[in-house]
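Below is one structure, written out as structure tokens; the observations come after it.
Should a chain be cited, it is by its letter among A, B, C, D and E, assigned in written order, with residues numbered from 1 in that chain.
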Amino acid sequence: MLYREAGQFKATYAEDMAIFPIRQDRIALAVLLGIAFIGVPLLASFRIWPFRTDYLLWAILLPFLILALAAVGTNILVGYCGQISLGSGAFMAIGAYSAYKLATGVHIPLAWLGFAIAIPPLPVLASILLGGLMAACAGILFGIPSLRIKGLYLAVATLAAQFFFDWAFLRLPWFTNYAPSGSVNAPELDFFGMIVRTPVERYLLCLLFVTVMAVLAKNLVRGNLGRQWMAIRDMDIAAELIGIRPLYAKLTAFAVSSFIIGVAGALWAFVYLGSWEPLAFSIDRSLELLFMVIIGGLGSIMGSFIGAAFILIMPIMLNVIPTELGLPLSTQTITHLQFIIFGSLICYLLIKEPHGFARLISIGKEKLRLWPFPY
Amino acid sequence: MIALGQFLEVLIGGLMSGVLYSLVALGFVLIFKASGVFNYAQGAMVLLAGLALVRALDLLVANGLPLWVAVVLAIGFAAVIMAATAWLIERFVIGPLVNQDGLTLFMSTIGVTFVIEGAAEMIFGSDVYPLRLFPTDAWFLFEGLFPGGILVNKLDVWGALIAGVLVAGLAVFFQRTKTGRALRAVADDHLAAHSVGIPISWIWFVVWLVAGLVALVAATVWGTKLGVQFSITFLALKALPVLIIGGLTSIPGAIVGGLIVGAGEKLAEVYLGPSIGGGIEYWFAYVLALAVLMLRPQGLFGERIIERV
Amino acid sequence: MAGGGSYDTFPKLLLRNTAQFGTRPALRHKDLGIWQSWTWAEVAEIIRSYAAGLHRLGLRPGETIAVVGSNRPKLYWTMMAAQTLRAIPVPVYSDAVADELAFVLAHAEATLVAAQDQEQVDKVLSVSDRLPQLNKIVYDEPRGLDGYDHSRLIAIGDIIEDGRTALAAEPTLGEQIDESIRAGNGSDIAVILYTSGTTGAPKGVMLSARNCIDAAIDTTRFDRLTDKDVVLAYLPLAWAGDHYVSYVQGLVAGYCMACPESSDTIEQDRHEIGPTFYLAPPRIFEAMLTRLMVRMEDAAPIKRRLFSYFLDVAQRYGEQVLTGRPVPLSGRLIYALGRWLVYEPLKNVLGLSQVRVAYTGGEAIGPDLFAFYRSIGLNLKQLYGQTEAFLYVTCQPDGEIYPDTVGPPAPNVDIRIAETGEVQFRSPGMFLGYFKDQGKTADAMTSDGYVRTGDAGFFDEKTRHLKIIDRAKDVGRLADGTMFAPKYLENKLKFYPNIKEAITFGDSREFVCAMLNIDPVAVANWAERNNVAYGSYQELAGHPLVYDMVAKDVAAVNRSLAGETVLAGAQIRRFLILHKELDADDGELTRTQKVRRRFIAERYASLVTALYNGAHDADISTEVTFEDGRKGTIAARVKIRDMQIVGPAKSLGRAA
Amino acid sequence: MRAPNANEILLQVEGVALAFGGVRALRDVSFNVRKGEIRAIIGPNGAGKTSMLNVVNGFYHPNHGAITFKGRTRAKMQPFEAARGGIARTFQNVALFKGMSALDNIMTGRTLKVRRGLLWQALRYGPALAEEIEHRRKVEEIIDFLEIETIRKVPVGRLPYGLQKRVELGRALAMEPDLLLLDEPMAGMNVEEKEDMSRFIVDVNNHYGTTITLIEHDMAVVMDLSDRVAVLDHGVKIADGTPDEVKRSQAVIDAYLGVAH
Amino acid sequence: MASIARNVLMLAAALAAAALSAPAAAQNEQFIPILSYRTGPYAVNGAPYANGVVDYYNLINERDGGINGVKILTEECETGYATDKGVECYERLKSKGPTGAAFINPLSTGITFALTEKTATDKIPIITMGYGRADSKNGAVFAYNFPLLGTYWSAADLAIQQIAKELGGFDKLKGRKISLLYHDSPYGKEPIPMLQVLAQKYGFEFTPIPVTHPGVEQKSQWLAIRQNRPDYVLVWGWGVMNSTAIKEAAAVAYPRDKMIGVWWSGAEPDVTPAGDQATGYKALMLQHGAGKFPVHADIEKYIYAKGKGSTEPGKIDEVLYNRGMVNAMLGVEAIRKAQEKFGKKPLTGEQVRWGLENLILTDARIKELGFEGMLKPVSISCSDHEGARYGRVQQWNGKAWKVISDWSTADESLIEPLVADVSAKYAAEKKIKPRDCAKET
């Protein structure tokens, strides 16, 4: 109904391979980016309706952006490359703690070699990205078992990474600069002289990170590497026979996915929480990311965003609505109700469309393009 | 020199606690073996069974029934609850998702976990309810030989016994009985089983019911150990490595896996832990599982995965 | 808007376009997944090299070069290059059978043939023994031609390359080409189009450059066509319609011609390119409507109810909105909603949403079909034309559109009605005569230089528009004198989706009978939905339930005829459904799918007699040619169904 | 360009034996394939034909015997090394990537030819985009060659069997192989589809000059297409030569008509 | 179709009415958010505490008609003891009501760390009675943090004093082995620095033993304890960890009377699951213990008699219920104090902060409020946001808690240097300029 594709022909391959070949989709994207980059900051700075309090920014938009980024990273590994991983929480933690160490100066006393490596505190941006890199290295390390182990067995193998790093950041005080209580504070967010402090600035920072990395991820996934991942996912024997090296494909998937998750972890700690402890990156975080990817739609970057929105906002909605309506329910029953409704929604969605929201939307879009015809 | 007594005690303590984990792991294996579904909700089912049992027990005892009658009735009541849950799950979740891939089914069981946790606590209350079904004090063996004797907790022994009986029962059930064979057929290829005339939905109902009963048994033991409360759901995480080492598809594997994990964990914690910061028990089981998987990608007793072109 | 004046030949027009619209796209072709495009400047350079190459191959002015194949850029360039050398391109139908091809090539004495691909090359080689004067065959797609002997077979790409190097090497060749362009004048024969007349062998219509260009200038100005427009070239190359709209008007107006990827991706390519000017014979509009209705049958009930509701709205207000006549506010709002919900998406899916002007011609169009397209906002107009008039004789202007007329005379066209009721015209685009066939030319012309169309018609008093009734020779009289116009009846029958083709008999008979062809797509879909089992087309055609359904349609036609004083008497008394589809390969239809009435009358004589002797069924066995050319026979027993006559059968139709 | 030059041997299989536990799939099989030739391997079901291809392709490692391909002898070869060496393959029961469209499936065939690294592909700008377009163009030629333009953007899972076979052939061609192994390309096809597939195989051999090794049951096709035929039965080569020689050999007739061994 | 339309209209009307009614009535009300957890692994301890807080606020509204006429408006938000849910609840409730939240009581050290920086910028005081950042006692650096009545460092000192008393003098501590079984999170790790200082000072061997969240599995820790044979085991647990610790101690037959829990590991839900095995277990008291006091009479009269109680009448004398009431009372008194200066109207967080910093409760005032016997006088000042650091010890005799020690106070001389050092480091890191307490009124 909304699509008027007649006359939109493709004169070059670049046009044909564009992310959004149809003009109506490009217009929708432009509107969305306009709202995100200009609309929200304007509304927030003038305290207009939805942003009267910065609750919407702090408690919904900021975590949504960061978790969406992490979901994109998870989707690359689970959705595109077919390697189920329950270790995303740990990779976020590695991103956060290595960024923290890099931002506050690293000092490795190699006593038996007689000297110590000392890296001065790096600027925040560098430490976030290097944090991501460290997560990528850990990803590669824990990606090696994926060459022999497949399916749900691999999921439990990645759990080893999750619990190991949970334990490491809890027990080895070196990571937390020997802070007495084990909880660490984020360094000052100084980006080339600009200090990011207010919720709107934090929101824009995250939005920038998410947009850039989502585009890079989308390019990777459309390109040759993305096809290799999907080949490994669909039928790895056939992939091997046409010249794809399973080692290279799987480990790049682990590396890229962990890098994105690592950066998301650093942002989660520095920008959203401010001060955190390992419990913030526990097994529940890994499971949450896996839910987002499956509900959102495996193998779809857009799906990751929708999944993140659903898993993050649904519980809050289920909490806020009863209190807003003033229903006489105790918080206890509300929370229980929230569990029940959330669980049954997940089951209902999976039955309705096992491939998640992304598939639902693409079917809807197809119907609109063919409107009023059924096929 | 490490005191032999201490070593034996830690070993026995480890083996016993490992067996208790395998009680939970059995539920996982059962459902995976019969329907290829990795049931994350097993932990929540243990909680549900425990809550149903303990609240019924308290109610009955409060009304003055003799203990033994109350226990039997409570167990009956809990079993009925588990049967109803099994029916609901099969009817509304597993049934409609019949030929979806493993990951979607795994995800749906996570949805079920949320529902069970919410419903259980809403109906039966979210407090701590002590459960006293087994003696919880300990024996001290060979006090003569070793200083302070080797401590063996009675509850663990009871747990081990029950686990043994359960495994034997299930093994017989799977091998000998008609429904057992049908279960194995459905596990291999439910389409073929369907074509042979095996009523798929009834079979899956039976599977989830048996898994529910196993959860009830686990609840009796773990309820006594910890008191029936929300934290029981964390057992699922502890049972995963047991499952993996034993292999997702083998019943005896669950027990062997439990023993290895239990002993390994405790010995590592007591001897290796203090030197590198303690609390390594948390991840040691998983690293152990990872090592086993590297040797044999489908667990010690799991079926080999063969791929043909 | 490009004027005529000194540009009196196509090569000169090409030079003008290069000057005026050098960078605008002249031609697009969907190939290798994307639309390759060439600007006017690039086309001019290619034509220049191609002409040089052809010249070196020995193509001399006045010689003819045949062009066989579907709408491919290289074939259009062949025509332009030939005209540059003042040679005469002769396009031939690509689906012509070998014998037809042989006749045309021999008749046109073609020295060169441009074939599209291996299939066409094989066809030409198979008849090359009957073509003494043919010396070279050039081809576009090299696929599969590796193994052939390349003495007489050259790739067009190589010729262009050879021409380009030659032009670079010898400046004199360049001057020869320019000289030949300058030498060209309006009176040269620009193209010979072989009509596939319904009777007898095809005739070569000679059209002069000046006639073509003057006619095209009038029509481009008439419809305000500019270089911004786009046309999809999908109709057969040899048909006057395609040559006029895609090639000649393209050169005159300077707009872009788009060639589809292959013949079976036309609908998808039209959807992609979104043409602004569109010409199609009624048969294509009919097929489009049938498929559209069949697809909607399978849509969800809500969508179906919505669709039919808004179609009714369109029927009420569509026409007035399109022609700007006053419409009540509520009607305008509902129509606007309909446009957003149904009409625009409908046109969008059909690829017609950017069409500014659409024409239908070549055959009479059912009034309901015509009304339908206009009601959804497609500016569809009727035109009446012939190859001999290089298409336009009459065309409806934007303001005055009536379903049953073909419009006033086109600009600078003088039309008169002979006493026999036959329409005669003189127009700028009229043909010079039939190639090598003075006799036929004389027959087709009147003594005072008018062309005889062979169609009967009259001018409507109110609208001053020409109304075509039927082929002059087919308009007959029933035994009791009432007028019997077979075409008119057949169009009414064909409008119903289930009836694909109809032939009516009644000339000098007591009553009218009809032989019908069911539409396989629509009826098969109906059968599937009502789970009617059938093995083959023949079984479906003979099925009693199908007969009942078709009978309902025939009854409806009879009711509408009863309302028309002139033709009330000619209602259909008895009809039968043919056991096989009428097919051009069996000679029953012309290449543009027009019914060859006399041929069918002879072939199915036994059925016609059965219709008139009151029999209830008749046996028939006919010879059929299969796809790969093998011949076979089909025998069947065909049932006949009687109908009642409706209303005050007081027939007035004495005289015209 | 069609006549295979007799001397140059592209692939030499020397005394290959392969056994799975007790089952001896191949027993001491030797044959060669000349450059530019259409070489057929035929034999009743279970004769070891597919296993032979798997050995050449590096999917199975033979117990003993060696394979020389383009002059290099390798006992143990990884599948992706074979692919990099220029061996492409289609499968008996179609092994396409169900999650991708036909175009993407064929594009994966180009994976060995892609030069740009991970970072460049992420940027997808300038040289990286140019390379992607160049690969897309090559794939479009193959799509045009196999006449599957209309199903370019359709997920392969939805395609009919015949078209899936064609997409798989397209993927193999996208690797621009020197040796193309076809495992029963015409299994389960109707007459018209078989004609198309034969035409494609001949055109591939003529147009691209690719050497083809063909496994096929349809005798008419084998005899019509191939230059030389090797016949396997129960893991043993019982005949080798031109189609006519093989047709006449008694051993082959026995194997097919089932004379008791 | 008509019926569905009618229902939709009715629902919309109800929704609009509810949305409109809420803010209007709240004009003259002081909004106090309640962050609590009644589900999840820590519900067993969280729920009774929250009931105490809710009942006390109702009491103020029912008995006194609010604080000097300003009624208290509350809204509860479920955090489940998770840091990110805690932050989300804080953000949602911090600006509700006419003047926003009076103060925040997160009841979780993890959430306290996350909110410390935010509350400073939003100018809303964060009360962490008996928990939170031990160094936040120094009001100069932590203007908005108020660890009233005791921090973990005070608790550690009180525990060691109790052990010394049982052993007969500080000198007896030398050479003894004291282990700390702690919940592996900021809450559990907070006392370690203090215990290390004490271990150095008194020469006893101190071994910390971590238990990972949620603390269901402690067999290996207790097997190590059985080998190590420490003289005393301090228990710093929360939620299921406490009851499991006692059960595992019984399993390895470690004497329960040699176990001393911090005031968060000494409530009924921690001991009841172990039944009679818990007899002899001791725990510190944050000044008050279990049992009924005069204020309970008002609770029963004004609340439970009218059926407005949030739990069963039998449970209002539990330790955590009482602590909830004490926390609520301190908050209310701080607001009353602030009203003296800023007027009897809903006050902003900043004004309540002043009230908190100048809160002084004499014995007479405590008696007046009905809390005598539960609390000793409290006086908060700019430099000392703890106000008092008294403590007692109670022992579980199988059925109830018995107070077994008299009042003792933590030794400031040891705590002060540590507070100064750690708070200075925080100020440097966060670039906060410590306030000069002397100058301020």
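Following the convention adopted for this analysis, a contact is a pair of C-beta atoms (placed from the backbone, for glycine too) under 8 Å apart; a residue touches a chain by one contact, two chains touch by 3 or more.
As the structure is a prediction and not an experimental result, all values here were calculated from the model.
Contact analysis places A-B first among chain pairs (by count of C-beta pairs in contact). Distance from the centre of chain D peaks at E, each centre being the average of the chain's Cα atoms.
Of all the chains, the one whose CA centre sits at the greatest distance from that of chain C is E. The most centrally placed chain, judged by C-alpha centroids, is A. Centre to centre, using the average C-alpha position, chain A and chain D are separated by 42 Å.
Mean C-alpha position of chain A lies 33 Å from that of chain B.
If you average the Cα atoms of chain B and of chain D, the two centres end up 50 Å apart.
Chain geometry summary: the mean Cα position of chain B and that of chain E are 37 Å apart. Taken residue by residue, chain A touches two or more other chains at 12-13, 16, 167, 170-171, 237-238, 241, 332, 335-336, 339, whereas all remaining positions touch fewer. Counting partner chains per residue, chain C has residues 33 touching two or more of them. Within chain E, contacts with two or more other chains are made by residues 38-39, 47, 184, 210, 212. In the complex of the two chains, the chain E residues touching chain B come out as 38-41, 43-44, 47, 184, 209-212, 214-217, 219-221, 223-224, 226-227, 239-240, 243-244, 247, 250-253, 269, 272-275, 277.
Within the complex formed with chain A, the chain B residues making contact are 38, 92-93, 96-97, 100-104, 106-108, 110-119, 121-122, 126, 237, 240-241, 243-244, 248, 276-280, 282-283, 286-287, 289-290, 293-294, 297-299, 305, 307, 309. Contact residues of chain E toward chain A in the complex are 14-15, 18-19, 21-22, 36, 38-39, 47, 75-78, 80, 82-84, 87-88, 91-92, 94-95, 109-110, 113-114, 116-118, 133, 184-186, 189-190, 192-193, 210, 212-213, 310, 422, 426, 429-431.
Of all residues in chain C, those touching chain A in their complex are 28, 30, 33-35, 37, 271-274, 292, 295-296, 298-300, 303, 306-307, 340-342, 344-349, 351-354.
Residues 1, 3-13, 15-16, 370-375 of chain A touch chain C in their complex.
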